[in-house]
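Read through the structures below before going on.
Heads up, the next two complexes both have chain A, just with different partners, chain B and then chain C.
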Partner chain A sequence: MHMATISRWTLAYFSCALVALLCALGLMAAGFGYPNDGLMAPRTLVVVHLVTIGWLSLLMLGALLQFLPVLIGRELVWPRLPPVVLTLLLIGLVLLLCGFLALDSLHGLSADILPFGGLILLSGFCLAAAILFTTLLRASSLPLPAGFVMLGLISMLVTVMLGETLASVLAGLVGGDFSLALVEHGVGLHAAFGLGGWLTLAAMGVSYRLVSMFLVAPERKGTLTAVAFWSAAVALGALVGALFALIATNTSWPLGLALTGIAAVLAVGAYLIDIAALYRTRRRATLELHMAGAVAAMGMLGLGASLLTWALWSGIESALAASMHVLSLGWLGGLGLAMLYKIIPFLTWLECFAPLMGRITTPRVQDLVNESRAAPWFVLYFAAELAGAAALFLKVQHVFQLTSMLQLLGAVGLVVQYVRARRLADLPTAWQNHPRPRLILPATRKRSVV
Partner chain B sequence: MTPTPRMHIEADIRAALRTVIDPELGHNIVDLGMVYDIDVGDAGKVDILMTTTARFCPASAFLQEAVAAAAGTIDGVEKVKVELTYDPPWTPDRMAPEIAIRF
Partner chain C sequence: MTDAFELDVRPILRNGGEPFGAIMGAVNALAPGQSLKLFATFRPDPLFTVMAAKGFGYEATRLDDGDWEVVFVPNAQSEGAPTSRPEDPDSWADPSHYLDCTEMDPPEPMVQILAKLESMSEGEVMFALLGREPVFLFPELQARGHAWAGDFDAEGTAYRLMVRAGPRS
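Showing the complex of A and B:
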């Protein structure tokens, strides 16, 4: 196979993910969740899962449906299933959020829908994992970036299964000492598997390939990449050990958690140094806006990981909340928004202009965007992230709401840029009258679109 | 030495391929060094060996089709076969110096 096909559903995943991001930021701006509510309060859990499942997981799955075939040079298997996965995840998420609201004594809702929503989410994630794993296993060889994605997918499954168990406990379906131990020690593991194992490792894997492609830099295959990968594998293995210890003994395993922390810090450090080398060895002198945005996101990974290490060492709750905010919305969310600024125009170009190459003069992908118009929204988003994390750390509710409002404004500004790219609104005049594609679901083509 | 008709056809094809722009890098594929070989055979049969900047890129087959379409417009060309190869892979060192400077 020389060419990866275009995933027809990727833009639908991205669109739902962006709606979830805007809703989450809107709720934070309205004072919903931490620090107005407790760190583990149902309203905080609504915001957290809207970000991690609605925004980040849908974004990552949409990206993997498109880029896993590029990573390994194999077609995606079962191309008719991605819309089924998306439907299951959306229904499951809505029910899960309603279940959290039921825990918050919302009248007319039963907490039983919490594990029911979790079950539907579990089926959606399992189906997604089946598609992606089967595709991965058809590769003749697995490059290290694909290895990161594989670790990420394993973590995704553990996260969702642990989450479903927690949902059953919160709904009162599971009791006894195990439920107490799970609530006390399992939530941290659930978050570590989700944010660290699933989302961060998958983002690392995809970014290795995308950064190399976009910067025209030689792929990284040296010691640092191997250190990043194997440290991540050790961290994940120790985390699995801690989970088994919890299941077997109803207690946490401090040594395993310490090993996870040390290996994770090593993995993040090696990854960041490796990516910096990728930027240094690039042949493309000028950084396009999406790659500059990625630099800000990688900086957020360094900041968030440092803050998390300190928060776990010091036990300061607000520092933990701030680190989660930086890692989820600064690192993963910021990287996602930056990559969307390239991926959406690229998919649009493929749909509108690729079939015309060689027959008429076609624009470049970069002609579909206007960087000077988009740059201020990126600056606003990342600046608001830093200010928001500071406000969370200091537990200044009104300032946090204000920074969330500004971050929402930045995100809305970027969504407008994505829509402009889809509508071909920023193209030079020579192509102004070119037929516009559908906003979300590309038209079916006979050969190239699955 | 007088140029043969085949050499003329090859030069015309090369000129036509300069209208095919790599969508990501923004330069034509000839000056980017993505066209490895143009072989003009008997009866207007042309074999083109080319690569793309990234393996398995979703744009690869479109570039392949674009090259076939552009070469097919040249007088004397009856049939075009375009083959993609990644051995050797494309590297920035293949770019024409004037492109590399502006890169």
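Showing the complex of A and C:
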């Protein structure tokens, strides 16, 4: 039988991811990276990778370990490997960041750490992909949301391999015309595969299932879902073509990139319209806070994608930076924070109260949170995102630091809410004395004595 | 053969009520071999699955005013119940408890099913209809020693779940 148990390591992934988010926002608030430094400066790359690997990739992998089995109705294979993956990714990330700092020649480190860290990251991501792919292949049928996740995982592998090649070039291990071409054209591809192919497609896939589950709405199986999926597949295919063109000829392939852009816009448009329809067909009349937060995040996807299109068209660097900020911290980060506000209480509720269900009155999942206390932090986070993007676009360093500080404050406020949910701190008095679960590692469930 | 028992649930439906309990009450009151003639304002598809599990075939006719008349006829039964084994759903007794969870918001189906199971003795079987596959329920069923079998109906819209209660813990 297909069943979904609590993934033991998911909360550990989430915790590390949240720490990375707070560090990244803290660095931005301290004036580290763009716009103080250049868009490709090592210090900017530190912040960017802290966000994309530390925060977003760990968050997404933690979520996939829990929800891929739900998506396809199969248990996760090799349940002992997730902590190994997490360890590899954390070590790899720390070394990578040290490598970037070495390039900045501030710390007396050797730049060779950069490709070395990249190699460890590569092994971690490959292992994660192996677990998730093998689980996916055991499904009897692949619903479209799982198809998105599959495209996302392929992109993840391409991103990491391309990143490792770039790291080798930056560390001076690879030279020649290829290295020049790679630095000139490969960074954009690396970012497109990472933010677009990996994180955005996986987020789309997971959100299709989570949104319908949390809203109690029928799953989307219509034309729009298919248009979103196949446009995304075409965009990714064209991007792979552009990558091969770069490898083969050391030049970029404008036609492929244009095709990627058009197909990606189509995919994002179809996805947003489809999700709007999903919200309209929901049975739950009142929108819970996490679903309202998800609406804000999806608005950020529309805004970020439009801004990115315009930035690539006009070639304005600060517009590109602003669009990246909106896509990574507004869309993906905002969606992540909103989903965590449901996923953490839900997993905690399952862990603490499923064994008692039917025997005594148990609280509802909503009883584990206090929405009126959390709502202002979401508002602060998203408002600071908009203001921060504007400050980046206008290159007003001090305002950007201020908005980053406010965004950090919003994120800290939300982390406090997650911890409160985990600690059962907001439960009604009837359950105030219920034993608290461990903060990060849930206890394994034993078969009850019959 | 006894005449079919007639049950008109249209007044209940028009008042926005849920006729499932009334129907099950009528089914349980049927004499052996007796049919049930049901009047409803729509074609009650989910009910067909439930009744099939209880050993009834059906004949649905659309009436002139758009309502439906359904006659549930019991299948000829072989006597002599075999021993019920948890690992073999074919050997289970006919369901004696029914839950329609299709209109419930998660996690209410999980709570209702587990609560109902607490009141059942070992070997009794429950039939539940759900709007989606209850993937988070299964580990709990396993942990409590219940056996289950389930699948989606042909349209893929309702999940049919049979649970055989395990020993009382």
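Keep in mind that, in the parts below, the second predicted complex is superposed on the first by the 445 of 450 C-alpha atoms of A that agree within 3 Å, B and C clash if a C-alpha of one lies under 4 Å from a C-alpha of the other, contacts with A are read in each partner's own complex, and residues count from 1 in each chain.
Following the convention adopted for this analysis, a residue touches a chain if its C-beta (ideal position, glycine included) is under 8 Å from a C-beta of that chain, and two chains touch if they have at least 3 such contacts.
On a predicted model such as this, the values are computed, not experimentally measured, just so you know.
In this overlay on chain A, chain B clashes with chain C.
Contacts of A:366 after superposition: chain B is touched, whereas chain C is not reached. Residue contacts after overlaying the shared chain place A:341 against neither chain B nor chain C. In the superposed model, A:377 lies in contact with neither chain B nor chain C.
Of the two partner chains placed around the shared chain by superposition, chain B is the only one that A:285 touches, whereas chain C remains out of contact. In the superposed model, A:34 makes contact with neither chain B nor chain C. Of the two partner chains, neither chain B nor chain C is touched by A:148. Touching of chain A by both chain B and chain C, each in its own complex, is seen for residues 1-5, 69-70, 73, 213, 216, 218, 283-284, 349-350, 354-355, 357-359, 362, 364-365, 448. Here chain A touches chain B in the complex through residues 1-6, 66, 69-73, 213-214, 216, 218, 283-285, 346, 349-350, 353-355, 357-359, 361-366, 448, going by the rule given at the top.
Chain contact summary for the complex, chain B toward chain A: residues 19-21, 23-26, 53-70, 84, 91-92, 103.
Chain C contributes residues 105-107, 110-111, 113-118, 131-133, 135-136, 138-140, 142-145, 148-150, 157, 166-167, 169 to its touches with chain A in the complex.
Chain A contributes residues 1-5, 69-70, 73, 213, 216, 218, 283-284, 349-350, 354-355, 357-359, 362, 364-365, 445-450 to its touches with chain C in the complex.
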